[in-house]
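Two complexes follow with subunit A in common, the first pairing it with subunit B and the second with subunit C.
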Partner chain A sequence: MGTLWRSQEMGRAKLFVPSEVSYEVVSALGDIGLVQFIDANPDLNAFQRKFVNEVRRCDEMERKLRFFESEIEKLKLEINGAEEAASMPAPDMKGMHSMEAEFDRLEREMKEINNNEQVLKKQNLELTELHEILNRTAMFFDEAESATAALSADTADSSNTPLLEADERSGQLAFVTGVIARERVPGFERLLWRACRGNVFLRRVPIDEPVHDPTTGDEIHKEVFIVFYQGEQLGNRVKKICEGYDATIYPCPNLPSKRRELREGVKTRILDLQNVLHRTEDHRRHVLSTIAFKLGGWIVQVKKIKAIFHTMNKFNVDGTRKSLIAEVWYPLARVDEIQHALRVGTSRAGSDMQAILNDIPHDSKPPTAYFTTKFTRGFQSIVDAYGVATYREVNPGPFTIITFPFLFAVMFGDLGHGFLMMLVALMLVLKEKSLKNFDGGEIWDTMFNGRYIILLMGLFSMYTGFVYNDIFSKALSFGSGWSISEEEIPMNITGSATLELRAPYLDLNGTLHNGDLRHAYAFGIDPMWQVSENKLTFTNSYKMKLSVILGVLQMLFGVVLSLFNHRFFKKSLRIWHEFIPQTLFLSCIFGYLVICILYKWSTPLDDFPNQSAPSLLIMLINMFLRFGLPPPKEQVLYGDKEGNLQGKVQMALVVIAVVCVPWMLLTRPLILRSRQKRREREAEARVRAGMLQGSDDDHDDGHGDEEHSFGEMMVHQAIHTIEFCLGCISNTASYLRLWALSLAHAQLSEVLWDMVLHNGFTSWYLLFCAFAVWAVLTIGVLLIMEGLSAFLHALRLHWVEFQNKFYDGNGYLFTPFHFERVLKGQDDDAA
Partner chain B sequence: MVSLNFCGPKCSHCCFVLSIWGILMLVVLGALFKTNSRALRSDSSDNTVEDMHNIGQNCFIAAGLYGATLLISFWQMRLSRKAAQQRAELRTENSYSSY
Partner chain C sequence: MAEMTFNMDDGYFEGLVRGFKGGLLTRGDYANLSQCETLEDLKLHLATTQYGNFLSNEPSPLAVSTIDAKLKERMVSEFQHLRKQAVQPLAKFLDYISYGYMIDNIILLITGILHERDVAELIPKCHPLGVFPELKTLSIANTTEELYNSVLVDTPLAPYFLECVTRQDLDELNIEIIRNTLYRAYIEDFYKFCKSIGGATEDVMCEILAFEADRRAFNITINSFGTELTKEDRMKLYPRVGRLYPAGLKMLADCSDYEEVVRVAEYYAEYRPMFDTGAATPGEKTLEDKFFEYEAKLNIKAFMQQFQYGVFYAFVKLKEQEGRNIVWISECIAQKNKSKIDNYVNLID
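Here is the complex of A and B:
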């Protein structure tokens, strides 16, 4: 607890680093993560700094790595190496140069491969399309040929020469063949018809298999088309339209024999090309898989290098002594590790110029640093989420470790639910090594980081479940203290024994109509209450009183913690005129109530002065309303029968509590004012005596930063006093949420049992289904929803009711330069 | 081959946990009903010893059913694990095929 009780003592120092070792020194400091650098040139922008070129080089490297990453992701390869690189020190400057050169070479290689591949793919596409055209159009030609076979004559070998010359009526027919994307076909067809006034003849066939676009790699469905037309002019128009619709035109010979020849040629060329393509693809995969093997490590290393230069940009440059100077915050307790890191850094650079850490005086507020473990981290972050502790003030963190799960459990008390919650957390804790790198989104991270909190919440809920004797809304019995006779149960007509039908009515006095109390139950609430008629009356009273006791104790504890703060910061005025009246006020009213509750619990009814148990709430109200009078007869809790003793005690308590209010409100400001006046008088006297020097070295404690005007001080104190006095009442009432949520939880689990599982008991198949529904609802509603709400209320009780008694929370967090933080993306400047 | 893996890895794990919970809890409940536990008497419709025994019987049968779902989900878990392994192997084969 020593390290969490107060934040670490921080030192402010100047760090002198010789330029030639600066990179290595900063790198070594980044490994240990104990030093927070203060920006020495906050008014310079990013481009005016010393290492802007190096940062830019890192950006360039990151760009290349991103390029590799995207290429690798396309092939769905695994990226390795991040783990090892994270634990290794950052590469030195030489390493950075060689990395740069390697990335450059690889990028060039990749680009070349990609270019080649694209060219090859384009060729492949053209050849496939031509092949398709030759295949598909053969059909049209065959039709035409068979029709005109008898009349056929030799035709010239040109795409523009007449094709179906034999048909004299059609005159000179020429044709264009090509390929067009399917979605463009309708428009193309329409325009062709309109532009050529129906004087062309279009035939088209879809290509079955989609082709791949060489640049984007998308799948495109295309169609082969052939357009027959007549005359040069029309031909030009058709070709223009084809161009406009992005259709690719391929020349197609007229003669069947030539076409057949071309087709064979194309086929062999496609085969060759595909061979080459496969080989380039293999080569590419090979290069990328070697990159993927190291890429994770490279990304980590570049991030580290970049973070180092970002940090070095925060240094001041001392030109004459050739060194860099930075101002840093560091925890004094760990100075040996920092010195060691400085030595490691210089030795890594191979230089004997030592870096020097030199403490300097300062008047700024140091950051708040804690050294947490994986167990305490979650609890500390609960406190930090409200406000980071002011430097060196008492940290509620260590107490939160116990009180937070405990207050949660008071609201969540159920043995079964606590056990399930504990099991889940236990799994997270036991498998934390393998689950650490599991990426499950924000909700998962929150749950995983809070695994120890959940574990303790589960364990404590099991404990309170035992106390409440509640397991899935049923009670465990290890021998109830009530004896209820079952012998008198009459037999019914069928001859089977009927069990006790009526729920027993239990009387706290130890009697009931068909049995009585033999002994107190060993631990927690007697299981007989679970089946009794007046269960709620009893548990409500019990839980309500319990929450008042817990609340008052926690608030009193908070006030006591403020004593430690006042003593530490040497504010003796605050101890005498704030802490003492606060403690008196709280204990005279609510401390008294707690004692009365405990007394009433432990007293049998017959031992009360008038054999009647008074209502404590009314007693508390009467303390003020019937001030000075003894309580009415039935309200006497202790002392004589007339209640004279009780009346006097209560009167005294009220007087003390009321006196505390002006004490808190007035004394401190008045004392401070009189001190100030005295100082002013003394200063005047000194001026008159001609002693002007040394007037401000007698700073007294207790008011250091509060030398404001009297009015301001008064207002401040009034607010503080009113807040405390009203807070005592409203906060005590606020702790009743412990009872309210506990009641809600118990009732909800009972309802769930009665509405779902209870109905399933009639037959086995219903039971099978009902159990599944009940189990899912138990997890969804009772564990998750109720758990969240209990968590929220426990959080509020800590933040508001507990911490406002002593916690200032005006500090700022120590953010050391640490590679771990950089890699997790927590360091905003270096990211 | 038609895959018999009708339940994914998440679903089968869920069913697995639910089955274990079901078996444990229903067996305990069944035993308690058989022994006429006072806490569970309100769950019997007519408060007779016979009825309590019947409910206990029901609990044991339902626990047996959960035993069956336990086996099924275990089988499904194995199937999906095997499938995942095969996929992983295929991927590594792909990425190292060039070596």
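Here is the complex of A and C:
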């Protein structure tokens, strides 16, 4: 609580670092993460800074590492070493040099291997394609031969037909064989036909196995083709078209015997080549796996080095004394650790030149820093999501730890649902070490980071579930305080009495017709209400009043917190003319209502002056509408029967509340104005007295930010006043969402029980199905959807209704230079 | 009406393209870029802009050509992302944008082949937006007729090509005529297409295309002085959709020196300032730069209207201009000649 109550006190200091130890010092500071560096040269471009060459070297190293990574990913090897390197300090400059050299060597080696492999693969591809061509075209040639044979067997009487003409000249028919990608075939064919005016003959056969592109490794489906043509000119044209369509042309001997010979030769060459290829691949895998073993660590180390140089780029260079100067923010409470880190840094560099941290006066707004634990972090982030606290103002974070889960639970009150939620969160909490590195996407991260919030939400829901006596819409009974005789239970009920028990109308006084209240139930709501006819009337009234009480208390608490702010920032005017009227206004109207609620709850009907319980809502309205008159007879809550006492008390309260409005609205601006006037008069008097010199400066500091024109101040105060007064009413109404959501939740769970699960009680297999449906709906709708909606409403109640009473939220977060943040990618500067 | 239904099909793409536009470099970025001493500095600075790490996997030392290629690759990948998902008529509109690049590529290849350069060597120089499957086979044609019949007949450019089909062999002048005829047909067709879409697209695109047409007309006129192109032929090359059409084009066709062109431009308020001082004084912006500047202004203006396709065209052109700017600055840095480094066209203030 101590550290969260207000943000850390920050100091602004100049850090003088001798340039030869600067790298090590910054590195040591990055390990502890307690110092925020302020950019000393915001006007300089990235490439004009001092350490731009070092940053560039890091970029180059990262490029090489990315190259290794992509190569390793292709082989699907595991990358190791990241965690180890994250906990180690960043390598020193010498380490950086040796890393650079090693990366360079490895990159050259990898490139060489890749080139070799590519050449081999290309050869392999060519040979395979040639092999395919020889295989496939053999078929065409065989066909052609058999056709020739058939033709020659035929009589030569139709010798003037073009077909035979071609046949006669078949000796002159030339051909081109090659391989082309399948998707380019249609265009190829069309163009071939068109460009050669149909004077070519194309046959093609697909290759069954896809081949691999040697550079990208993609699969390509190809086809073998053979084009027969006549004449040199046409041949050139065909070859050009082949080139245009990226077809690879392979020479194919004319004679069948030669073809066979070539085929055999190609076969053996393929076998040889594949042997070599395998060996190269093994070598490559070996090299890559050694790289993969260290790559994770390298990536982390290079990131750290780069972050250090990025930070050093924010330093100013002191030309004469050969040192670097940075301006920093740091939490005063941790100065010892920082000094220690500075010493560690210098000793690492092996130098006796000490880095010096020198506090300087400043007038800029310090950042807001908290030291959170894994438990408080989630709650603090709820507050920060609305707005980071102004430096040193009261932080709603620590209260949120309790009030947030509590308000959530008021809306989510169900023992069973709370228990399930608690179990889930408990699992996350107990296994947090192993789950920390689990990558489950954004939704998972949100849930995992909020595990302690969920845990508390679950626990508090169990508590309110006990109070509401509600477990999956049923009640637990430890002996009801009501006694109801057998015959009073209506008998129009079917089924077993235990399940279908319906109690008759219960009267709050426990005396009227059919119930008899013997004693108060031990804790929470009596289970008999759960089965009574007028359950809803009872719980509605109870929950509605409860929400008003909780709401008014929380708002009042918020107003009280503003007192701490005013006192801390020494704004006495605000205490007298803002805090006090606000408290009076709130308590005179709504505080009074709360007291009336509590009084009415604790008073038996007979003890009311007129033996009738008044409606408190009407009473509150009448306080204003029937101002000055005593309440009507049936409306008297306390005091004498005529309501004279109550009337007078209420009159007084209204008067106080109404007076508070102009008090809030006018006094502070008027007082400030008169002060300002007086100062002006004094200044004038001094001018007349000839004491002009320097007098203005003395006074300006005194009133600081309150130096505004009167009109502006007035408008501001008016807005503030109106917001508060109207806010009191609308915010109280807003707290009724506690009741509404709680009601909705209870009703929904009752519907689920009655309409779904209850239908399954007739037979076991129906129960089996009904339970499944019920369980899915309970988790999906009640736990997740309702849970989210209750979470949202609790969030709103905190952000709007609670925090607007005191919270300014105009600060900015302390963003220290920390390797942990850099590695997680949270530090934008050094990314 | 178009406003109501536009977002059903094209809202996502408009959003995307506006997002891309948000990443254009500003005056401040250019000022920083031109302060760079080396290309490494430039890379470092570009990393802080929308370009992010697009150069980070390139080993040092950087070459200007690598930067150029990467810039184009990036632009094309953005364009393809749009094109692949777009539905009609936006898909067609995007195709129209790429036709211009296709024409450029064809002309580049034909010229190269005419000078007996290897096709494989020319292909990397083609703009990746205008690459189509038949492109590499252009070399088989020797006359425009062949070119049309065997290669281009299947491409979307075929109708534009019809006009310049002759049996003549290809030569320098012919190619220029082909280029301009193709462009004329292309611009006129694109203009008609935008008119058929109507609405805000028509308003925005027709203005841009009209300027494009006029710019071509001026350029053709100025470049034709001293060549054997006759005035009648010249007239045929002018795209007939701009503000100059019809009277201005007739006057341009009659021009025989630069002064006369300036006199024609005098009649048009938009074009008068561009010819004001002419390119006569050194150090002044050239006519080309002024055209570029005006084009950039029109393109930026296209983003002022919502629910129209003009933004897509404007985006491609702006990105192209930005690429030219970065390459220009890189060249100046690489050649250590910074005197003219400020001659880029600033797009966004």
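In the analysis below, the second predicted complex is superposed on the first by the 675 of 831 C-alpha atoms of A that agree within 3 Å, B and C clash if a C-alpha of one lies under 4 Å from a C-alpha of the other, contacts with A are read in each partner's own complex, and residues count from 1 in each chain.
By definition in this document, contacts are C-beta pairs under 8 Å (C-beta built on N, C-alpha and C of every residue); 3 or more make two chains touch, one makes a residue touch a chain.
Remember, predicted model here, so these are calculated numbers, not experimental data.
Engineer: Who does A:Arg237 touch here: subunit B (first), subunit C (second), both, or neither?
Structural biologist: Only subunit C is touched by A:Arg237; subunit B is not.
Engineer: Using the superposition on chain A described above, determine whether A:Phe47 touches subunit B (first), subunit C (second), both, or neither.
Structural biologist: Once the two structures are laid over each other on A, A:Phe47 reaches subunit C alone.
Engineer: Once chain A of both complexes is superposed, is A:Asn115 in touch with subunit B (first), subunit C (second), both, or neither?
Structural biologist: In the superposed model, A:Asn115 contacts neither subunit B nor subunit C.
Engineer: Looking at A:Glu60, would you say it contacts subunit B, subunit C, both, or neither? Reply first, second, both or neither.
Structural biologist: second
Engineer: Let me test your reading of the model: by the given contact rule, A:Asn810 touches which partner, first (subunit B), second (subunit C), both or neither?
Structural biologist: A:Asn810 sits against neither subunit B nor subunit C.
Engineer: Which chain makes contact with more of the residues of subunit A, subunit B or else subunit C?
Structural biologist: B
Engineer: When the two structures are overlaid on chain A, which partner does A:Arg194 contact: first (subunit B), second (subunit C), both, or neither?
Structural biologist: Second partner only, subunit C.
Engineer: Quick check for you: in the superposed arrangement, does A:Asp282 touch first (subunit B), second (subunit C), both or neither?
Structural biologist: Touch status of A:Asp282: first partner only.
Engineer: Going by the contact definition given at the top, which residues of subunit A touch subunit B in one complex and subunit C in the other?
Structural biologist: none
Engineer: For subunit A, which residues count as touching subunit C in their complex?
Structural biologist: Contact set of subunit A toward subunit C: 45-48, 52, 55-56, 59-60, 62-63, 66-67, 184, 187, 190-191, 194-195, 237, 240-241, 243-246.
Engineer: Would you pull the subunit B residues touching subunit A in the complex into a rising list?
Structural biologist: So the residues of subunit B touching subunit A come out as 18, 21-22, 25-26, 36-50, 52, 55, 57-59, 61-62, 65-66, 91, 95-99.
Engineer: If we count contacts the way the header does, which residues on subunit A are in touch with subunit B in the complex?
Structural biologist: Touch residues, subunit A against subunit B: 75-78, 282-283, 285-286, 289, 292, 474-477, 492, 494, 496-501, 503, 527, 530-531, 757-758, 760-765, 767-768, 771-772, 775-776.
Engineer: Taking the touch rule as given, give the residues of subunit C at its contact with subunit A in the complex, in rising order.
Structural biologist: Touch residues, subunit C against subunit A: 32, 35-37, 40-41, 44-45, 47-48, 56-60, 119, 133-140, 149-151, 153-154.
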